[in-house]
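These notes concern the structure reproduced below.
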Amino acid sequence: MDDKIKAKVMDNNKIRRSLHRMTTEIIERNRNLKNLAIVGIRTRGIYIGKRIAQLIKEFERVEVPVGVMDITLYRDDIGEIESQPEVQKTEIEFSINKKDVLLVDDVLFTGRTIRAAMDSLFDLGRPQTIQLLVLIDRGHRELPLRADYVGKFLPTSRRETVQVRLKEIDDTDEVLITEPADLKK
Amino acid sequence: MKMLVKNGRVVDPASGIDETLDILIDKGKIVELKPQIKVEDVKTVDASRLVVAPGFIDMHVHLREPGQENKETIRTGSLAAARGGFTTICCMPNTVPPNDNSGVTEYNLSEARKNAVVNVLPIAAISKGLKGEELADLADLAAAGAVAFSDDGKPVANSLLMRRALEYALPLKPFVIDHCEERSLSEDGHMHEGFCSHRFGIRGMPASAEEIMVARDIILAEQAGARVHIAHLSVKGAARCVREAKARKVRVTAEATPHHLVLTDAALETYDTNFKMNPPLRSEEDVEALLDAVRDGTIDVIATDHAPHAAEDKDQEFDLAPFGITGLETAVSVLLDRLVHKKIIPLGRLVELCASNPARILGLDGKGRIGPGADADLVLLNLGKEIVVEAGEFMSKSRNSPFIGWKLKGTPVMTIVGGRIVYPFAKE
Amino acid sequence: MELKSKHLLGIESLEPSEIRLILQTADSFLEISTREIKKVPTLRGKTIINLFYEASTRTRSSFELAGRRLSADILNFSKQTSAVVKGETLRDTILTLEAMRPDAIIIRHGSSGSAYYLTTFCRSHVINAGDGLHEHPTQALLDAYTIKQEKKSFKDLKVVLCGDILHSRVARSNIHCLKKLGADLTLCGPPTLLPPAFGAFDVKIQHDFDKALEGADVIMMLRIQLERMQKSFFPSIREYSRLYGLTAERVARAAKGAVVMHPGPINRGLEIAPDVADSAQSLILRQVENGVAIRMAVLYLLLGGKDSENVG
């Protein structure tokens, strides 16, 4: 698939600044940081979650545990997707019971991934609260969900794709809007 | 009315003929054989570009009547034979009840007279009830018209009984045909034992089970000075036994089936029960040895072992399905395509295997040859015609053939029995 | 990547990459069974029929748990509870069950090829849970998965498979699986239960158990069935056990760190000594645990994707 890049909406600096801002908001809202636990949704939610945990440690000297969640088994479109998604491990090595869980994902779109992630969380235990952090909210929600912390609101059309690239796996920090090349004229 | 079969390539190895000739038929007999017969008031059959051979004789078929008319009847079996180019078929005695008394033999013959379109010759049981315990009334059966004795489907396990049968049959015209299988070696088996059976997880029937019995029968026949005919020989070792015995002038003859000559045990990969028969499909090495035996005369006869089974009986788990496949309607095309066209044997040898030799072994004087005085039993073959085997076209009541869907070159196009065209079928 | 076939009939027809996909997928499922709530909604609304014509506790319950942990609905049928006792054929039984619109049929049957036979007329996914002497693919997969947990790589891993190879579907599936994964496989057993023709599977054949064990990294024992004795495959339990029973002394002949496996149920003191079965080297219970994860992986890979034939 040849995707055409339409715009670069965030660079390294913008991403860093918005993570800083969101970390501050998290600290303000969560007076008991020791009860906070981060669960990053595969794949890029993991790295954003880890960066947030690192920033909290820098700002407040509190170690917040980070777990990894694979939501494949909770998807509501299993059986409809043409190519079968690969199941990967969920690795949450702490109990989420009575924790304030911060779910982290890169892009909030229809809300279905977050629905699946919350279902998965409830199968793993009973958190005290669940908060949601996303780097990009691109709109087009299909479920009554909103994020508690948003890096950037980004109005998009449905046929566009938002690509978050992170140093940890993509060698660069940036957010791009792309569009399938063949659809443009 | 007289019939003239014109311009056919007449192939009759028994008379040493392979040339274009006309055949004049009157009152069920061949009256004249020469080029360009001129005669008036005659029904003419144009056989140009066709082979005319003595009608084929299948020494080994199961017609299922009486008792299992859902699988086949004497009539449907005879129609299948006619379509397949056979003018004479010998029916095995494992019916319900079995043909172990002259009443059943006579029933077979009278049903055949009424309903069959080809000659049907009954083979009677060796033992009462095919139980392998006591001899059936062999002389009675012979007098009633049995042409041979066999417990086919079951081997004669008891060597003493086999000895007695061979000896007792000595003064009679019928001879003993044995299904050679040492059951203690093969009883749990459903296919040939070898790498394929190990791969497919199907219990095996070792080649030794057949070879041992063939060897035993040869030894007993040699001792008694009796004739013995080995049914459906399928393994290399058994062929070797027969070859050696013939060299010693033991009175042994042997038959092989078309399927054992062209298929191997690898065909069972899909657990298709239409490839399940007894003896089972053997290894490639056995098939090679069998083809050698066909070429060098160790095998005298090709017989189909036509064994019809109801669809619901075959449509089961592999090890629950019965043994046996049909063969009358596919044999000739399979043999022409795979043996003659592939130059494994010449056409004349095929006619020997399917007509001259069975007639000689069965002692059928007027059959198996073309010449003045012979029965007007003929088969016309189109060697170049390509066919696809379609189950829907079978005249047999059953469709358990492994050859369905096969494209084959060469096919019988007309069958004449006693001067009557029995195939193609007259339109009703 | 996906499995090529909609059925799992055996290992022989799988590509090595497909085997690796199943093992890798099982990795993700292993964790679910350690949770307090051992369930994910993945196969919600799917119906799976567990049709067992042969008695089986572990395989049947392992499949049942695997299905339940994926939220599928499971129906259990045994030979006794089906209409087979009333003379119904397998085909009619399956057609009747299919009329209830299941998504998959898991079948254990005494006839080799029965799972394949089902696919000739069946709409559902068919999973072979053991067909006669032919194959038992999920057992071989869980065995491979268990080996992988311990030994990491199959390359040049020396595996000895000992017992009644001739009558074992577990052996056949394991032969295919281990060869495809690159292991160095030696079969062992008396010649009556390990005919020379098995050499054509491209494996080593060794009738002397002590020799076979030299340098072995994995020792897989097979259950010996007593009815084989009546058919003279071996003369006595005592003699079989002396020649082919796995004792601690024999384990000592194997490589350092060798592991012992058995598909179960075990005959203690017959093919395996009690102290060996219970030793730290024994992976027998781990095999059972891994069985659920492997079967979840198989169910997910077969039923989880889009099923074009069932759509519309």
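The first chain written gets the first letter, and so on, giving A, B and C; residue counts start at 1 in each chain.
Here is the rule we use: contacts are C-beta pairs under 8 Å (C-beta built on N, C-alpha and C of every residue); 3 or more make two chains touch, one makes a residue touch a chain.
Everything numeric in this text was worked out from a predicted model, so none of it was measured.
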Distance-to-centre winner among chains (Cα means, whole assembly as reference): C
Maximum centroid distance from subunit A, chain identifier (CA atoms): B
Between subunit B and subunit A, distance of the C-alpha-averaged centres to the nearest whole Å: 77
Inter-centroid spacing, subunit C versus subunit A (mean Cα positions, whole Å): 40
Approximate Å spacing (C-alpha centroids) for the pair subunit B, subunit C: 45
Subunit C contact footprint on subunit B (complex, rising order): 194-195, 198-203, 270-271, 312, 315-320
Of all residues in subunit C, those that touch subunit A in their complex: 1-2, 25, 27-29, 31-32, 35-37, 39-43, 70, 297, 300-301, 303-307
Touching residues on subunit C, where the partner in the complex is subunit B: 12, 89-91, 109, 111-114, 116-117, 131-135, 166, 169, 172, 195, 197-198, 200-201
Residues of subunit A touching subunit C in the complex: 70, 72-75, 78-84, 86-91, 119-120, 123-125
